[in-house]
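By written order: A, B, C and D. Residues from 1 in each chain.
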Amino acid sequence: MAVRVGVLGATGAVGQRLIQLLEPHPDFDIAALTASDSSAGKTYRQAAKWRVDSPIPNDIGEMTVTATEPGEVPDDIDLLFSSLPSSIGAEVEPAFCEAGYVVSSNSSNSRMAEDVPLVIPEINADHLDLLEVQRDERGWDGALVKNPNCSTITFVPTLAAIAEYGLEKVHVSTLQAVSGAGYDGVSSMEIIDNAIPYIGSEEDKLETESRKLLGEFDGAELSHNEMAVSASCNRIPTIDGHLENVWVETEDELTPADAAEAMRAFPSLDLRSSPEPLIHVFDEPDRPQPRMDRTVGDGMAIAAGGLQETPFGLQYNCLAHNTIRGAAGASVLNGELLLENGYL
Amino acid sequence: MAVRVGVLGATGAVGQRLIQLLEPHPDFDIAALTASDSSAGKTYRQAAKWRVDSPIPNDIGEMTVTATEPGEVPDDIDLLFSSLPSSIGAEVEPAFCEAGYVVSSNSSNSRMAEDVPLVIPEINADHLDLLEVQRDERGWDGALVKNPNCSTITFVPTLAAIAEYGLEKVHVSTLQAVSGAGYDGVSSMEIIDNAIPYIGSEEDKLETESRKLLGEFDGAELSHNEMAVSASCNRIPTIDGHLENVWVETEDELTPADAAEAMRAFPSLDLRSSPEPLIHVFDEPDRPQPRMDRTVGDGMAIAAGGLQETPFGLQYNCLAHNTIRGAAGASVLNGELLLENGYL
Amino acid sequence: MAVRVGVLGATGAVGQRLIQLLEPHPDFDIAALTASDSSAGKTYRQAAKWRVDSPIPNDIGEMTVTATEPGEVPDDIDLLFSSLPSSIGAEVEPAFCEAGYVVSSNSSNSRMAEDVPLVIPEINADHLDLLEVQRDERGWDGALVKNPNCSTITFVPTLAAIAEYGLEKVHVSTLQAVSGAGYDGVSSMEIIDNAIPYIGSEEDKLETESRKLLGEFDGAELSHNEMAVSASCNRIPTIDGHLENVWVETEDELTPADAAEAMRAFPSLDLRSSPEPLIHVFDEPDRPQPRMDRTVGDGMAIAAGGLQETPFGLQYNCLAHNTIRGAAGASVLNGELLLENGYL
Amino acid sequence: MAVRVGVLGATGAVGQRLIQLLEPHPDFDIAALTASDSSAGKTYRQAAKWRVDSPIPNDIGEMTVTATEPGEVPDDIDLLFSSLPSSIGAEVEPAFCEAGYVVSSNSSNSRMAEDVPLVIPEINADHLDLLEVQRDERGWDGALVKNPNCSTITFVPTLAAIAEYGLEKVHVSTLQAVSGAGYDGVSSMEIIDNAIPYIGSEEDKLETESRKLLGEFDGAELSHNEMAVSASCNRIPTIDGHLENVWVETEDELTPADAAEAMRAFPSLDLRSSPEPLIHVFDEPDRPQPRMDRTVGDGMAIAAGGLQETPFGLQYNCLAHNTIRGAAGASVLNGELLLENGYL
């Protein structure tokens, strides 16, 4: 029997992707949609400026949007997917957890909190048990799980695949798609025939979230990975798909061939939205490319390529679909992990 | 009195920019235009698929294009600007030099040859005297001077400005405009809504040319700079302007503030096409941007910004107009240096 | 049992779409791939610069490409799909027909020939019987069927839907995607931040092909429709999807509401690639849009919208996926019609 | 001596262009800048998100922005340029006129009012004397002059040039740049790899403003031109430059050659910002193009091309820079006309 779920912040860019992914999902039934107060009471069709490349599912279009407050969401919903703006998420997500809801959130608030698991299931599913600590400390019946930022998700799986060589230094330059900023995040006048070498707070997310994701959880406390990471983030005129140039220096010698082999062999999971393989490694030096490769593994795989030796260790490029694997799909996958691990 | 000059490979993208820059130039008079055999005999207007954003100067449009061979170019021409494809340049440029012409070339062949000066006047004008060695060794009456690759020119001036701190390691990621590949170099289907993390041979150019440019010439031999450079090159959907993310580790401690100061203070030259200042440093963290800043200093300045400290030294971004400062303007400037130093 | 088919010109943009559509097709088995002499002997993977957004099917990648000559294609192939450049198609398509092959061609040559059926199955399937005339006149065992130009296919179905009102005058302005010109047809320097108000020979195709398609076939001769059409064609920076602004003046009064109803009610066919409905009419005034709506009906439907009254009759916009419904899909559909009508 | 002028709505897209054009203007001195209340009190540098491709003039950057109210603007200012949003303009422009200011406005409100001159100086400078009627009726010391919408300005001069042939029917399809919608008017997610066949209220502007502009003023009343116009408007991914496909049916026979001749011969004015010639007619069939030709005549000329005969009269394409000739430059030019005609 399908779990009844809700979407907090359902009208935004990630909210729309969530609906696109959840509507045909056999384990989840969309039973609530929330948005800002100005949308409450409207049908979803009226409230959302739908811009995903498939039509609004008919029954979803006719659902009534409610305000984003615990009292407005039915009690019999077990799981909430949140794609709220960070400041709003920081306010209302704890309220939902306190009211007993389990929240799988893409919102950037609280990702680095000590008792909040930040999870990419194929990478660090064991961190999910931080929820026991969280419930103890906060006295919640519900629970709060986060997925990382889209640009973090893109490169962390490739690092995980070679982590056994001892990660020391990572330089990463990102070429990020406009959808990462939401529908109205980047105006066309800003980005056509242009690139912007700055995305507010983004570099810090890659640098800190990656170390938390690759850290060790001993059942009580989470220690972060000790590698040093420096990121430089750029916005470019692509719709979807974040491309990243990565340099990694490792403790043990690591050839491009061994790295490619490790990435190809890195295991995926048996969850419904986990792709097989997790990391698709291209032999062609000019791949991956956003428009060509962002839908590898239905947008849930990581694409990598261009592995080469440099004076500073291994260099390669990686790519992920930022609103699927990097946001909505990441939250759905965490929902599947919560279900499998008995948290629902 | 103006020097009579010719343009080798006048119909290509860089050739057109050369004409745009040379036509109003008070020191140079365009007296010959060459192209492939199939264009020879046509007027320039017929031969060139003109795509620069100002009309073909009228008198230039009516000039007759000749084949690219020494016998086809008038004897009384002193200086040739070459924007030939590399393989053709490798063949015919030496023939022109042997025939007594001085050639200021943007073509990538021979840039790393020991007796060929690779020059950015504001950075290493003293390397020009390698021409004495060149003439000795090759027995030429003419001479061959090269400017570096467009992506090299973009970041080397910023390194020169902080070289006194002791350059050790440089990581650079490039976001390069399509014009760098010539008119038909990048098809629209390849690049709209996309990025390509690979440009053939480009990374090697940044890594080797930068070390030659920042090397020392003792009057007889040129020793390359000992810094290590690793580049990762990307093509993005911008028309003009290469943007680069740079990390530099230096021997001496270097703060972002000191680096900005050093860049701002770095001297330009008194040559006609040298901008003042050479490096324009932005305080806004989201600058420089290709469409906004590629014409700083009439396209001859370097724009820099986003200076920050990282675990791996200084990080910043820089930008230059790839077909002006990075190609045609670089060759013109080398022509001005040749004139000032009495080589014409 | 599946029909064995071949693709002439398999490495080009439309050839790749043909493979993408034919490979999973239950009625057709790809048994031959041809390309230019320089590709002959290579595997398809080596020969094609694959740029469609799904990987090369594995077995296709390993097939050997042959030259585009009757002697090079196996005899037991019944049907050939042709996406050859027009001048080459004009030469070799008749040779294949003479050798007994049935050819469903997207190539623009011979579309207006009196004895060559130009067919959009949902519009004028009855024209297919022109093949009897063709075989009589040319003495062919094979047969040659054409689909129209991509920009013609986009607006003709909407005209067919309202034809009963008496078509008199049609003005049409097109905003065409770059893929319509093939992979290297439009360079990025030509089209980024730009539009080109001219596509060679395109306007004539819309004006003449539309009249042939909407003409009457009496079993012996085809008379063209008498409406007058004037087209103005533009290339814009979109990857796929031709958008068209249409004004139609009709003999009988035609309201926007009646036109929308007629388009919605226009019947599709029971062929495998025919969409249901054929014409998707949007109520939102700002639709259809290329990126949002080009995949309606898996890229085989026509999208229409913005119907309004003007001083000059009805005005509306329509859209079709130019390399699916407008090219490869159109040829496949004609192949299905040939199969259903016993021509294979 | 230069006239002291102010800019109402100085921080917006057109406001920035106004400053770019007015700052070096010998006849005008910028003495006041207004914006929304939230910007009042800030320096212009702080208040404006400057995105024009030349730096903020230094003295302008340091000016203090005031609220957009008569009491906030110095009395000794003679002329105000207004680029206010339409609804705000409708409210405050009359207040400024009543307070004695002469306003040259690009704001769309009141353009069709009977006593408000809608002027393109080279086309209908004589309409300016409607100001006498306006002052009589409204009892204003000031005055209100409007320039038309950007897409109207693009095609009206070409119609004016052939008006003597008797304009009857005009169909026009527009391909409009994103800057026409203001900085945040079109999000990048809406327009990259896309086109939008709808711009709210735009079609009506082309249809009605064109008839007013080409109407006759008899000293007391203005009668509109009787031609019928139907427009279909599209937004495409270009930064600047509106391209339009036009069909014109005329009473007298008009060949493409005669039309080209009439456009080339159409007189410009002696005003400082009027280009010479007003209409630049291209012989190349693929011109004008936005990126290549939007700066013809420093962005103040109209470019035309592709003239051809059709079943429905003359067809051609035209282009103008929408934020220069189509907005800021149009207002400045009207300011010059007001000065020359003694209204300041």
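In the analysis below, a contact is a pair of C-beta atoms (placed from the backbone, for glycine too) under 8 Å apart; a residue touches a chain by one contact, two chains touch by 3 or more.
Composition by chain, UniProt nomenclature: A, B, C, D = Aspartate-semialdehyde dehydrogenase.
Remember, it's a predicted structure, so these values are computed and weren't measured experimentally.
Q: I want to compare two interfaces, A-D and A-B. Which one has more contacting C-beta pairs?
A: Looking at contacts between chains, A-B has the larger number.
Q: If you take the mean of the Cα atoms for each chain, which one ends up farthest from subunit B?
A: It is C whose centre lies farthest from that of subunit B.
Q: Using mean CA coordinates as chain centres, what's the gap between subunit A and subunit B in Å?
A: 42
Q: Any idea how many Å lie between the Cα centroids of subunit A and subunit D?
A: Each chain's C-alpha centroid was found; their separation is 46 Å.
Q: On subunit A, where are the residues touching two or more other chains?
A: Within subunit A, the residues that touch at least two other chains are 51, 192-193, 237-239, 291-292.
Q: State the interface residues of subunit C toward subunit A in the complex, per the touch definition above.
A: The contact residues of subunit C facing subunit A are 51, 53-54, 192-193, 239, 291-292, 295.
Q: What residues on subunit C touch subunit B, complex-wise?
A: Per the stated touch rule, the residues are 13, 51, 178-179, 183-193, 237-239.
Q: Within the complex, which stretch of subunit D touches subunit C?
A: 169, 171, 173, 175, 192-198, 228-230, 232, 234, 236-239, 243, 245, 247, 285-292, 305-306, 310-312, 315, 317
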